[in-house]
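In the part that follows, the structures are each spelled out as structure tokens.
The two complexes that follow have chain A in common; it is paired with chain B in the first and with chain C in the second.
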Partner chain A sequence: MTDKRPDLKDVNERMRGLLARTTHGRDDFEDLVIVPVFAVIVALIFGALIMLATAVDLPTIGRSFVALAVGSVGSLSAWSETLTASIPLVLAGLGLGLGFRAGLFNIGAEGQLLMGGLAAVVAGFSLDFLPMVLHLPLTLLVGALVGALYAAIAGFLKATTGAHEVISTIMLNLISFRLLDWFLRQPFIQREGRSDPISKDVPPSAELPRILDFIDVNLRLHAGIFVMLAAVALVYWMLFRSKIGFAFRASGENPDAANYAGMKAAFIIVLAMGTAGALAGLAGATQVQGVLGRASPGFSAGIGFDAIAVALLGRSHPVGILFAGILFGALEAGGRQMQVDAGVSIDLIGIIQALIIIFIAAPLLVRSIFPWGFRKRRKGGEA
Partner chain B sequence: MDVELRGLTKRFGSVVANDHVDLQIRAGEVLGLLGENGAGKSTMMNMLSGLYSPDEGEILIDGKPVKFEGPGDGIEAGIGMVHQHFMLVPVMTVAENVVLGVEPTGRFGHLDIKKARAQVEEINQKYRLHVPPDELIEELPVGIQQRVEILKVLFRSADVLILDEPTAVLTPQEVHEFFGIVDTLKKAGKAIVFITHKLHEVLEISDRISVLRQGRITGEGDPKTLTEADLAEMMVGRPVSFTTAKEPAKPGRTMLEMSDVTMLDEADEMLLDHVSLTVRSGEVVGVAGVQGNGQTELVEAITGLERVASGKIVFDGDDITTASVRERHKMGMAHIPEDRHKSGMVDSFTVAENMVLNSYYSPYYSKGWAIDWQKVNETAARYCVEFDVRTPSVFLPGGALSGGNQQKMVVARELERETKLVVASQPTRGVDVGSIEYIHERLIASRDEGDGVLIVSSELDEIMGLSDRIYVMYDGKIVAEFDNTGGKADRNAVGLAMAGAHEGEAA
Partner chain C sequence: MTDATTTGATAREEKLASANSRRARIMGGVLIALALLVLFTLDVAPGESATFRLTTPRDAVQIGDLVVPGGPFNMIAAALLAFLGVRQFLRGGARWTNISLGIGLAILVMAFLVWATAGKSFSLTGMLQATMVRAVPIALGGLAGVLSERVAVVNIAIEGMLLAGAFTGALVGSLLGGWVGMFAAIAVGGCFGLLLAALVVTYRMDQIIAGVVINLFVLGVTSYVSSQVFAEYRHLNNAPTFRSFKIPILGDIPVIGPMLFNQNLFVYGALILVAVSTYYLFHTKNGLRARAVGEHPRAADTLGIDVYKTRYFHVTLAGMVAGFGGAWFTLGSVGRFDENMTNGRGYIGLAAMIFGRWHPVGALSAALVFGFADSIQQKLALLNTPIPSEFLSMAPYIATIIVVAGLIGRSKPPAANGTPYTKE
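And now, the complex of A and B:
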């Protein structure tokens, strides 16, 4: 078999066979689509049970789910709110997902987002002499850059001293909260005539324009959605098409093999953390430039933590993260409506989000609750 | 206790893993079970332990049919498995590990460790296992850990012991001691099933041999009348050559020269102790030695994975002492790593991605900052055909391939480039006979194309069969050098040097 050279026609035939794309198996489909869908359904059911347990009557529960649906996807305005809320979630989630792919468990999106957002505000009001075509992108870029630098601290510590990124990013989050408070009281940043910590406004030339205001001026969806979509495409390209993404993924999956292949671990750690921070910083910048217009204490509102859930739910895949971010945006927007219409606390949304993550993390649990839709697992597994 | 398998059949989907297997396991006898990876050995053993239930056929214990429902039923019936990968808790003592799960308890249901220790000691004495019951597992060498595994199944009063590739992790001395234990167990009336793919071992220790291929028993026989060649043919289904045919070496210029290289660990212990060696183009140089005598570090020093403390490494005239892994790779150094799972491949990456694991950055595969996947995939498909890597598609994860095919994938990646020096560490570990033959041929082919080839292996047969020159490592030092032109090196002398005797002829 090895002693005779196969003839050319045979070789071509075999190569064609090897290059035929494998179709995705049913297992992949179950893992990527059915499990998340069921997880969301189970989480909503549990949410209802929790409302029951806290003495909410059935009609109110019914009304709150209607409000959740109407408030998230029931109208143009609902869609606008859903997408607006999803922009920073997707951006920060992309950064975290990219880090996960490279084997870095970055908890620091919240801090990176705060620092990036603050930097964008400062760049916004201090560069207001620039025309919008320069001012707007430059402000976004400053936000991304500062987020990247802030995250790179944790990367640098890991690369040089081995400090674990989970610990160092949590600490950097805490530092960022206080740092933000301090900055907001500096005369250069604090708004004139205010004694509370609040920044000057982002001038119109650095604002992300609302893109649906020709229909209704109250629709808040802003141009940040294009930034978000571009980021999804860019991260996809980076992870699965580029050379550096190949090194990221190899390091994440098997650091020893990456080392063997001549990839430089320290360089990859710092670069992956930096890229993740840039995306989180960008999330902060779009939030201040598109929605808030200024920085105030805690303006990140936990987006950086929700983004961890988004990245996990999206399986660290850019397209998955896009859908997961929109789902979380919908829960956010619908939750507000729920509070208004049914008087149910928006905290319930937090519980539902947490339940979704638990069920995603435990696919076997979902499989056992829902026997339909799943092909039976072969007993015992492989030969 | 006798165990009989009658027409045992197990299917997974359309794959028949075991096809009407008949087998007899008798008390006081060692049954050697041979088979390549994927021949169905594990499936059969998993049916004996109760993990799988057979689709057809039956298992009889002392003539009576039994039915196993779950993984605990095998050991319950007296059939114990010793797995290739140990299942021990490293931070617990030997005695604690042995009783784990079936702990003797006192009156209040608490663990009676004294009783446990006494019971362990009793078995220890009876079968002369010489295991220290109070040592922590992590403190013990691999050979002793294996005996703890044996003790575990004896403690659960197994009468049939199934040993899955037990010698794969042992040094030659440990193998010798291990065979002594198998003998003791046999004399005590235990039935032993010895699973392996090492032909000479199965001939040495077995009373009977069965060969499994593609789920079927393809041969049975008496080790006294069978030869290794017979067994290999039964396993592979065609005649296999053991001696790789090769012309005499035509050594050319010096490809690799290490002079006085030392490497230290964190505690400043010598890992490499003033090592000097040369590899010339057109020759195969073997490094023999019992595992853990500095071979791993030697390869790390040559390939740039670890920095050396002192000394000089010259590769085809260039000083590479401080060059990075990638620089050395670009200069034409190929490296087949000793453990493909640990560092040679990424299991979740596709075959195509694994094929370019260390050359993805090269201009050939690039379009600017992006990888030209079209080219990668085509190259990978060509390599698969060229090196007989059996996979239905290059888009399958590398981890889904069998061991032999994974290794061929790694070998293809390393040898199908323009290379000058091939550093092959344990190139055929955990690989089936057919693939071993093929990998050896390719290494000799590299030599004949003018590469320098350095083979590091703990399999002395491999070193003796392939090398034109042999170095022996012991305790971080090169202790002997042998000329092996035409296989003239004295196997015994090499073996002695491996054991640390400081007598080698000068080249």
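And now, the complex of A and C:
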């Protein structure tokens, strides 16, 4: 009992030190607020320039920005669409952010999301004898578990052989696309009477219920939002309040030091990849159980790649990722409105998202474009 | 003291030797498993034989079909594999492990082809030609990877550069003709190379993030323009394509003639670029300097090599190569651009680079393997084999993971790969 207290204090102190080091040389406010805000504004301006360059006239550009705003935050249904789109982005983004903290660059969220979503569909229609109280959480859990296992392959390879996770997760993504196509043609999964690759439906007892349908049945926001919020809280606790989170961050900051401190590097890598995969798998599960209702080829629709952007924009911090995910969800929902109202292709949103990340990831670039708004950097200070 | 060090050294050597022999054992086991696979799953019905057509009726030189009796051939293949496996298992010479494995895989592929074509006939020449064509963008992507990773810049952006090249080729090619389109594609690829260099060298952005972002950006821009502009003005997306032309005499050589010497500009271009860059990287002063920057930038800097300039130059060059490879998708094949038409080929190029151990010729060979898997998958649909095509198309990716994991000898990247350099 007595020798436990100083130990805890010691851990606390080390964590403080670590936190101080992660923000070392950075000006918190500039880094967390001004840079992202600048990035978004500049990206929107560039978006307008690109529209001009492709012969879209000025009134249409004005109308498309209005549509972007109205379609993302202008009404209750717009908010519903924004939040619906942000659920899988935040979930997968949390996983990727956690990986970044542990020094793992996981590009494989797309594949983990596909595998998790597919597993959730299979669990959905094959366990439909269960009551909803059991069926729904169990289905989500199966999605998370399969996502975790798929990601753990890359973690295991890195831990045992040193295979770089960027390459192995890219390959696992490409494999997952083919694997999904194959699975969707298997008689067990393919919907009866169909020759195209499409799965059976998720039964109602495994569907995430729509939470706003008492106002309007067309509001698509589903109970996955609670899963998302719980995940944000859980990841926050895990990263900053738990021992394993400390191990994640320590091995991300300085693997050698972590190893000397007695942390099992291999175990941490596999666990971090697995947790990231579980969150991506959960994102896939909420998507099929709350929005799509079934699996089809490429149902992930690039969410796994957008989530990389979300994690970067959110600075790998759970709360930051929550806001970044909602911003990207808003761009997604507003983009659809923009396409309908102003006839500007939704692909413009992709450009804007990429530009935001360029400016976020290269703060030196933003500083050199906009020297005002930033205090002079201390000499030798990290960018 | 000396005693202790010598014991330490011997212990280390023993450990190394035991690791090597263990690897050889594993390889032996794998080869024996392959032999069993050939024996039991690739069994051909008695009396059936596979017919490989080596020439088409229009060819100048005619040689007869190659008729292989299926049953005996696969028996022999299985026996050979088993021999190699047992030899590997008992002797365990590390020197022979990779060669045995290479021969083993070649035998496996042959046995597979014989099994798949048993009782039918199949044009070998056509498949080799398709292999070469499909290998071109992968080889050029891999070469772009080699050029930038040799100066220690990780290039995930190859995918985006290929896509940008394809797009530019279609757009400019439709307006100003194929040649201008091709040069424009090279120029745009070079611009993205320059952008990548600027982001990672000058602005010290994380190299992988910079690559991912360029991919997202190019995908966004090209998809946007193709749905916003091309959908309405179709004449902007209707480029002429480069026809294949036969090199006299060489093109008439049976089997390999059509594969190497009756192709379009892009195939010849890729072969020439691989040869030139091999010479450049390994036999010229500037190539040596570039590799020095990739292995030990600090030492290179001390010797008066401008690390930043070298990185800028080679990454831009890599972008130009990838832009040329991208033009293949439009000017070299269909003449029109579709959203995301490169479809992960850039990543496969990256895999080819690793497979080829950061060497241009290696990258080309790996690209040929991937192209082979790609073209055989098309043929399998015609031959009606029970193996799902999805699994065959996965094979190259699984092979890449195995290579990256170092299960078949370690593939070693340039020492400073991925790390930014700050001049003191």
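Please note the rule applied: the second predicted complex is superposed on the first by the 345 of 383 C-alpha atoms of A that agree within 3 Å, B and C clash if a C-alpha of one lies under 4 Å from a C-alpha of the other, contacts with A are read in each partner's own complex, and residues count from 1 in each chain.
Just so we're on the same page, contacts are C-beta pairs under 8 Å (C-beta built on N, C-alpha and C of every residue); 3 or more make two chains touch, one makes a residue touch a chain.
Remember, it's a predicted structure, so these values are computed and weren't measured experimentally.
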Chain A residues touched - chain C or chain B, whichever exceeds: C
Partner chain in contact with A:253 - chain B first, chain C second, else both or neither: first
Touched partner set for A:175, first chain B, second chain C, both or neither: second
Touching partner for A:50 - first (chain B), second (chain C), both, neither: second
Partner chain in contact with A:242 - chain B first, chain C second, else both or neither: first
Which superposed partner A:261 touches (first chain B, second chain C, both, neither): first
Chain B and chain C footprints on chain A, overlapping residues: 383
Chain C residues within the chain A interface of the complex: 154, 156, 199, 203-206, 208-210, 212-213, 216-217, 219-221, 223-225, 227-229, 339, 344, 347-348, 350-351, 354, 388, 390-391, 393-394, 397-398, 400-401, 404-407
Touching residues (chain side chain A, partner chain C) in the complex: 50, 54-56, 105, 107, 157, 160-164, 166-168, 170-172, 174-175, 178-179, 181-182, 185, 305, 308-309, 312, 344-345, 347-355, 357-358, 361-362, 364-365, 368, 383
In the complex, chain B residues that touch chain A: 10, 12-13, 15, 17, 38, 40, 42-43, 46, 51-52, 238, 305, 324-326, 329, 335, 337, 342-349, 353, 357-358, 360-361, 366, 369-371, 373, 377-378, 380-382, 384-385, 388, 391-396, 437-438, 441
In the complex with chain B, residue positions of chain A that touch it: 1-2, 6, 11, 14-15, 17-22, 237, 241-244, 246-247, 249-250, 253-254, 256-257, 259-262, 264, 378-380, 382-383
